[in-house]
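There are structures below to look over.
Each of the next two complexes has chain A plus one other chain: chain B in the first, chain C in the second.
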Partner chain A sequence: MKNCEALIIGGSAGSLDVLLKVLPAIDTLINFTIIIVVHRKQGMDSLLCDLLSSKTTIKVKEVEEKEKILPRTIYIAPSDYHLLLEKDLTFSLDYSEKVNYSRPSIDVTFQSAAEVYTNKLVCLLLSGSNADGVNGLITVSSYEGETAAQDPTTAQVDYMPAQAILRANIDHVLTIDEMAAYINALN
Partner chain B sequence: MTKKVFIFDDNSDILELCTLILEDAGYEIKTSATSNHIVDQVSAYMPDLIFMDNWLPDVGGIEATQELKSHPDLKNIPVIYFSANNDVSALAQKAGADSYLSKPFDIQTLEEIVKSHIGPS
Partner chain C sequence: MPFTSAISDEQVETLISDVLEQYGYDFTGYSRASLKRRLLRLYSLDKHVSFAEFRYKVSNDAIYFKRFVEQITVNVTEMFRDPSFYRALRYKVLPNLGTYPFIRIWLAGCSTGEEAYSMAIVLKELNLLHKTLIYATDINPTVLEKAAQGMFPLSQMKQYSENYIAAGGIKDFSSYYSANYSLAKFDNELKTKMIFSTHNLVSDHSFNEFQLILCRNVLIYFDRDLQFKVLQLFDNSLENLGYLALGTKETTDFSPISKRYKRLETEKIWRKVSE
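Right, the complex of A and B next:
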């Protein structure tokens, strides 16, 4: 996709390792927004931000309620809240029930972003052990956004990307080595 | 030889993050979500340094640390007690740990405390 406005990367078990490999190779001059939604327990948010920041010179920050969404920024969904995007290009954090046993739920963010960015949205689903994110990818496709999944043969836990490929008619299946070039070409 | 760090914590995210950070810094890492059979676990790996969480299922961090510190072959391995509890300093002292680290911490603090006990990787 050209003229992408937002890339959302979702993942669960085994996804952090992928992010640490891919982030350093992402072009610092990207003109879109990157949003990362990974399942994790509470308590280590700052360390996660710190770790991801150490791998890129692009600004990395944890999302704050009502914050304006800016390009050339990597936003991390805080633990224990669903992350939604609003039409006025701000974030909102929501403490409603878990979806797919998860909060943040990747489905919730993908679906909410699909309504905002429609065909200017790209969503990538990484390694993980449940199917959170798959329904979101189906919604993204229905709004003519682009979908991608980690090649399950390269995933520490292949269930999540395998379900995506099986059920969501994924546009691109990417090995870890292919991800950065794919992301840089979204500019 | 690569210096070895053994981390005990029941939070898998903490284990994953600390492993990624300290492996990046050049240390060898092993993790465990339980402090049961602590002497067997530690003897089998013989780390240069141990991180011990306060709240661990069954045998807690205090008891596990006390067990290590009363074992003739393991008592000299430094134990860093880590917890989000406000009383981490008192808990570490009660356990007989060599040092403590308050959660949450940043990468630099984690690397520095490791380096201060066992030197660079």
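Right, the complex of A and C next:
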């Protein structure tokens, strides 16, 4: 993709290891925004932020509501809220019903971002044990954004990326080793 | 051709102005991403066939409009949500308010009442309930009717009981309710000190002075300007040395009232420190 404005990475069970492997290899001069939405237990927010910060020199921060979205920053969706994006490039949080038994739901963020970034958006779905994110990828495609999924044979839990490949139109299927190069090339 | 959703951004604005004109409900300061998601959800839930038909129904059918408000606003809540917050209430805030002869608490955006009953339980255990009044308000009359019943799904009680214990609860949580088919009916005593009333934070004014105002996970649905306006309303409704409690992701920072408020360590509770 040319002129990518945002990359959103969604994941569930088994996705943290992937992030820890891929983040250190991401070019610190990327000129787009990275947003990470992972399912996890409530109250582990600062831990996750610290852990991911230790793997990159790019700024990593948990989203604050109504915060301006900046490039060259990695934002983490807080636990127990849905993360939405506004057209004026700010974040909103939402405590409505869980979607796919999940809050944050990856579908919700993918769909919301698709409306904002349309064909300047890339969404990547990682390892996980449910299909949250798949409908979001379908929406991203319909707005002519780019979609990617972890190669299920490299996933700790293959259900989520396998469902993505089965049901959505996935532009790139990536092994863990291929991800950083793919992301750096979005620049 | 890129995809477009069933309701466009312009149509969202059309609905907002219809609803303001027809019914006086002002959603102009609501965060658009969340509002649009709720509108699309309702549109598909109720199987509307076109935006024109949806718009007509909202504008011309007052009963449907009631459902509209119910579904557009988020009413998800739980008992003792964020146990550490309730610990701070139990050990820091309420003992302080206990020195007053009479305690007035405002739960703004109380939804179906889970927080009101949680609050009443803590007050009762601190032996303060008899001298407290809890004003529980919401924009939405339907949820207030539910709140007044004090009945919550029995299936939630395991989670709520865990929350209650983590929040410093000292009793057997099940002693507060009786099982009634799939519902847990909470003791009537808990609601003797609750007053339920509709109140619209966007358009209604201050109606009393309180020592504690709770408004958790409501401001996230508002844009910054409306957030500041509502915080000003709270400031006008709070006694000096009173407490303001917001949701875990909300803050008084950056707002015009922030200089008068001092935060209590780690929780989202602020104390009003001067006029």
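We take it that the second predicted complex is superposed on the first by the 187 of 187 C-alpha atoms of A that agree within 3 Å, B and C clash if a C-alpha of one lies under 4 Å from a C-alpha of the other, contacts with A are read in each partner's own complex, and residues count from 1 in each chain.
Keep this in mind: a residue touches a chain if its C-beta (ideal position, glycine included) is under 8 Å from a C-beta of that chain, and two chains touch if they have at least 3 such contacts.
Remember, predicted model here, so these are calculated numbers, not experimental data.
Applying the stated contact rule after C-alpha superposition, one finds that A:T139 touches chain C and leaves chain B untouched. Looking at the shared chain after the overlay, A:K2 reaches neither chain B nor chain C. Once the two complexes are overlaid on the shared chain, A:L20 sits against chain B while remaining clear of chain C.
In the superposition on chain A, A:E115 makes contact with chain C only, while chain B stays out of contact range. By the touch criterion defined above, A:E65 lies against chain C but remains apart from chain B after alignment on the C-alpha atoms of chain A.
Contact with chain C, but none with chain B, is seen for A:L93 once the two complexes are overlaid on the shared chain. Taking chain A as the reference, the larger set of touched residues comes from C, when chain B and chain C are compared.
Contact residues on chain A toward chain C in their complex (touch as defined above): 64-66, 78, 81, 84-87, 92-97, 108, 111-112, 115, 118-119, 139, 142-144. Listing the residues of chain B that touch chain A in their complex gives 11-14, 16-17, 20-21, 84, 103-107, 110. On chain A, the positions that touch chain B within their shared complex are 16-17, 20, 40-41, 43-48, 50-51, 54.
Considering their complex, residues 2-3, 5, 9, 31-34, 37-38, 74, 76, 217, 220-221, 223-224, 227, 247, 249-251 of chain C touch chain A.
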